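Listed below are the structures to be examined.
Below, subunit A partners subunit B and then partners subunit C, in two separate complexes.
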Partner chain A sequence: MEALTSILFHGLAYAMILYIVSVGLSVTMGLMGFVNLAHGVFAMAGGYVTVILMNRYAVPFALALAIAFVALALLSVILERTLYARLYGASELDQVLFTIGLIFMSVAIVRYLWGPLPQPVHLPHALSGQLDFGFRTFPTYRSFLIAAGFILIALLWLGIERTRFGAQLRAAVDNRRMAESIGIDTRRLFSLAFALGSGLAALGGGLGADILAIYPGYATEYLVYFLMVVAIGGLGSLRGPFIAALLLGFGDTACKYLVPELGAFFVFAAMIVLLLWRPAGLFGRA
Partner chain B sequence: MSPVDASIRGHRLRAIELLPWLIAIGGYFGFGDYLTLGSQILIMILFALSLDLVLGYAGIVTLGHSAFFGAGAYAAGIYAAYVTGEPLSGLLIAALTAALIGWISGFVILRTQGLALLMLTLAVTALLAEAANKASFITGGADGLQGVDIDPIFGVFRFDLFGRTAYLYCLAVLFLTWLFARRLVHSSFGRSLVGIRENAARMHAIGSPVRRRLLTVYTISAALAGIAGALLAQTTQFVGLTVLGFQRSGEILIMLVFGGIGRLYGAFVGASLYMIAQDQLAKMDPEFWYFWIGLLLVLLVMFARGGILGLIDRLLGR
Partner chain C sequence: MRSWTSAVAAVCMAMGISTAGFAQTVKLGVVDTYSGPFAAVGELLDRGIRLYVKQHEKDLPPGVKLEIIRRDDTGPNPEVAKRVAQELITRDHVQLLAGTVYTPNALAIAPLATEAKVPFVIMNAGTSMITTKSPYIARTSFTMWQSSYPLGAWAAKNGIKKAFTAVTDYGPGIDAEAAFTKGFTDAGGQIVGSVHMPLQNPDYVPFMQRAKDAAPDAVFVFVPGGKDATSLMKTFGDLGMKAAGIKLIGTGDIATDEELANMGDVALGVVTAFHYSAAADRPANEAFVKAYKAEFGADQEPAFEVVGAYDGMAAIFHTIIAQQGHMDPDKTMELLKGWSDDASPRGPIMIDPETRDIVQNEYIRRIEKVNGALANVELETMPMVKDPWKELNHQK
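Right, the complex of A and B next:
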């Protein structure tokens, strides 16, 4: 029982981070069919911005997160307008190579600026320690992650389901040509979605800095996880990646907790089986 | 010239195709201290050549080709450490192991396309890397596999400190695999792969067994990559987890793309230049090497699709 609640709790916190980082990738891939392997770079950069601001300039955690979100959203729009946009409709290989190039460059830059070691994370006092839930105590930081995750998901859901922007986005993902022909500017829409997705990734990187260590290998080491969330959840949906993130979060935590000698082996195997069973993902359209 | 004529002409050995071999043999006498780097280059050429078969000819975009390189390296390393140090049987074991993994994984993942396929190639490699990491009682885990002692080739040619034997050994193996690969891509099988790359639906329609063809070339390519991995394990007498890393899959992709894909010789040009540039630039500024490679890659995708050989073709107006 003790083990089960631990797995559920830690798995849920982990799933939240995976979801916040990956959800933008699902939307942009679904919308433009762009294979953006460099999505993790935005999360890594967000993590660095957050941690460096907190450690060097004593910026409060929440403000650092907000700055990371805005900075990376802006940066991503610039990249999208100048570089990504030239490759819409290019072959899968070209997109893969281009984004691998971005990964290599960003890894070299962060290594040059901040060295190869993981950045130490000094959480604010309010988030360290344990939180008493009555029947047992849980780490405050992870409880906060779960709460923040649910708030973000609620906001995201409201934004996509209840606003004009969200309706246009859903229309464009469903059928881009039809959406264009009734006058939706899908280019602008895509830039916005790209910025929002990258900003969210940055937020996820910053929020999860204590779970997914911020170091130069971030963008490649966790790439498999981010892509898995998208591939298994299905492109272009909000719900699919969430389910996938939960599966991955619980699965990975359970495996590492119960059979540490096998590590993530089972998780990868299960993901391969899932993808073979549903190549378009659990909630994707074939 | 009709396509048939072009195909026949392509099959005939042209004088320029001997150039890499002349350079390689000349290099044996001229490289001096760089002979070890020379062996590494030959190994990477072989690895890139194996990738060219699946990516350049069959059009399968894979992010996980290091799975087979790593499988071969570990198979040869473990064989040498626990069974016998005889190198040629080690190569064979490595090729078979990698081919088997290629066949099994290809059998399941080649049903998919696009993002799912990309993901699956990545996931297979991640799976193997995790297996190698966790099975540390035989692979050495994160510390790497130690105790890889290789016997003399044919019981006569021993691996010397200067890497002379290693260089010639790699060169001989590369030459044989090149002959094989060249024969393969100019065969009707090779032409049908190009057909599948260009339009799989039409190849289906004219009765080509598309999936079987893809699986065959995937298995062959895995075996060649496995041999490359085995050469690395045998000549460096060490196997580390990086042989299975994403970095390696990415790098080999970059080498091939720099040279030019689907041309057989892109592997030779790309791998040589990449390895030499890495050796030189990394000395000056090892941390920033990947930045320049990434930048070059971005520029290449934007302006010079087709790689170096493609650029040369364009300059010559072909």
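Right, the complex of A and C next:
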């Protein structure tokens, strides 16, 4: 029982990071049909901004996260306007080659700037140690991740379901031509959604820095997990990636725990079965 | 008339060649990981090479020049390692090979070293049997058995009765598990469970929880150094294993000097067996650490990978100096066999004349706070340990 709660708890914390980083990828891929493999680069860059602001300039954790979000959202708009926009409507292969190229460049740039070793992460004192929940204690940092994850999900849901921007976004994902013909500026919408997605990735990178280490290989090492969340969840939805992240977080953790010799393969087997059953993902439209 | 001028030209050319011949250039091909996600370790090896060359280039005989040709194997990619080694041998005509962070890469190059008779100095890869794969291989780094086997014996003698082993599922991990288990059970310990963890593994919670459930006195761990070690250490703390009275022990890979700063106080008390720590107070090491910091920055600590490459260059320089730059592969191997250095940063070392593998002190270290920072403090020294795997299996 004690082991089970422990697995559930840690699986949930892991799922939250996967979700926060990946949800933006799902939206931009669903909305623009753009295969952005370089999404993890924004998460990595967000991690670097957060950690370096904290270590070198003693910026508080929350403020560093906010700066990372804004900085990467802005940077992503610049990249979107100058680079990505040229490849809208290009073949998927071109997009894949382009974004893989971006990954390699980012790896080289961060290696040049900050060296090849993982960045040391010094969490604020309030987040280290254990938190007493009455029936047992859990690590404070992971509890914080879960709470932060749920808050972000609530905000996202409100933003997409309850605001004008959200309604336009949903309309554009559903039927881009129709949305354009009733006067929605999808071009502007794309830029905003791209900025939001990249900002969220940066936030995920910063929040999760103590679990997914911030080092130059970040964007390639974790790419598989981000893509799995999107593939299983389906493109263009908020709910899909969440369920997929939970499945991955719980499933991966539980199976590695229960059958360690095979556990590492579980998530991949699960993905194959799921995609055979629903090729567009759990909540995607074929 | 024409024949006369061409004859002069021919003589001049011949002289030109022969004067060039006075300057003896020795070509060393280095196969190391310079790009991709594993470039961090490759950089450490290269720093060891650069530092040694910078300090000792002046020791080369007059007229002898060392040319180092670096090639990138991009990570644990044996095909790439083999291809670049082949190019180094056939195109660049290197007389010596060195490098490889990873075992599979070293194994891929071994047959080439044999076929082309190019001595190959292993500067990092630590699987025991590598040196048995070519008579032209010598190693200056370490073997997994060298640290894990004595640690097993030490653990059994120091109040640890039940142990759980958790290792990364590849060559060195399997070696570490086998060696620790042998050393521990031979000394009366009992293994209560074991688990192999995948090489690509973002979260260590499930494996450490399993270890915790088995309620051992200690968990023996091997993971490749770097971020995985830090991640594992943090998980160990997060799951409250230290508070539950479980000790964490392992090879020095889980407590590399450059990662200690990232680990936090949970690492305090972790015991590892290894051949090098930057915190060691031998004069040779203190001078080495000082030179390293002067070269690469005051906040940098040399790690075992740096030392493996640094001593590898020392062995290579020894062969170049002894032959005055006229390199003969078999002579080079004879010079490497039995080569020793009493003042390596890690203490006295020797290349075993029989197995061509490194013989060195193993230190049992505990992570403690020294001047406010975590450091590997040496508790016990096991002098001049030969690779136990070869000793136990009578391998050469």
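In the analysis below, the second predicted complex is superposed on the first by the 279 of 286 C-alpha atoms of A that agree within 3 Å, B and C clash if a C-alpha of one lies under 4 Å from a C-alpha of the other, contacts with A are read in each partner's own complex, and residues count from 1 in each chain.
Convention: a contact is a pair of C-beta atoms (placed from the backbone, for glycine too) under 8 Å apart; a residue touches a chain by one contact, two chains touch by 3 or more.
Values in this document were obtained by computation on a predicted structure and should not be read as measured data.
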item	value
Fit-or-clash call for subunit B and subunit C when the two complexes are aligned on subunit A	clash
Contacts of A:101 with subunit B and subunit C, given as first, second, both or neither	first
Touching partner for A:139 - first (subunit B), second (subunit C), both, neither	second
First, second, both or neither for A:35, with subunit B first and subunit C second	first
Touched partner set for A:6, first subunit B, second subunit C, both or neither	second
Subunit B versus subunit C as contact partner of A:86, first or second or both or neither	first
First (subunit B), second (subunit C), both or neither touched by A:118	second
Subunit B versus subunit C as contact partner of A:223, first or second or both or neither	first
Which of subunit B and subunit C A:215 touches, first, second, both or neither	second
Which of subunit B and subunit C A:279 touches, first, second, both or neither	first
Superposed model, subunit B segment overlapping subunit C, candidates 200-208, 236-244 or 254-262	236-244
Contact residues of subunit A, present in both the subunit B and the subunit C interface	107-108, 111, 220-221, 261, 263-264
Touching residues (chain side subunit B, partner subunit A) in the complex	55, 61, 63, 108-109, 111-116, 118-120, 122-124, 126-127, 130-131, 133-134, 245-247, 250, 253-254, 257, 261, 287-291, 293-298, 300-302, 305
Sites on subunit C touched by subunit A in the complex	35-40, 43, 195-198, 200-203, 205-207, 209-210, 212-213, 226-227, 230-231, 234, 237-240, 258-259, 261-262, 264
Sites on subunit A touched by subunit C in the complex	3, 6-7, 10-11, 14, 107-108, 111, 115-118, 120-121, 128, 130, 137, 139, 141-142, 210-213, 215-217, 220-222, 225, 252-257, 260-261, 263-264
Residues of subunit A defined as touching subunit B within the complex	29, 35, 37, 83, 86-87, 90, 92-94, 96-98, 100-109, 111-112, 220-221, 223-224, 227-228, 230-231, 235, 261-265, 268-269, 271-272, 275-276, 279-281
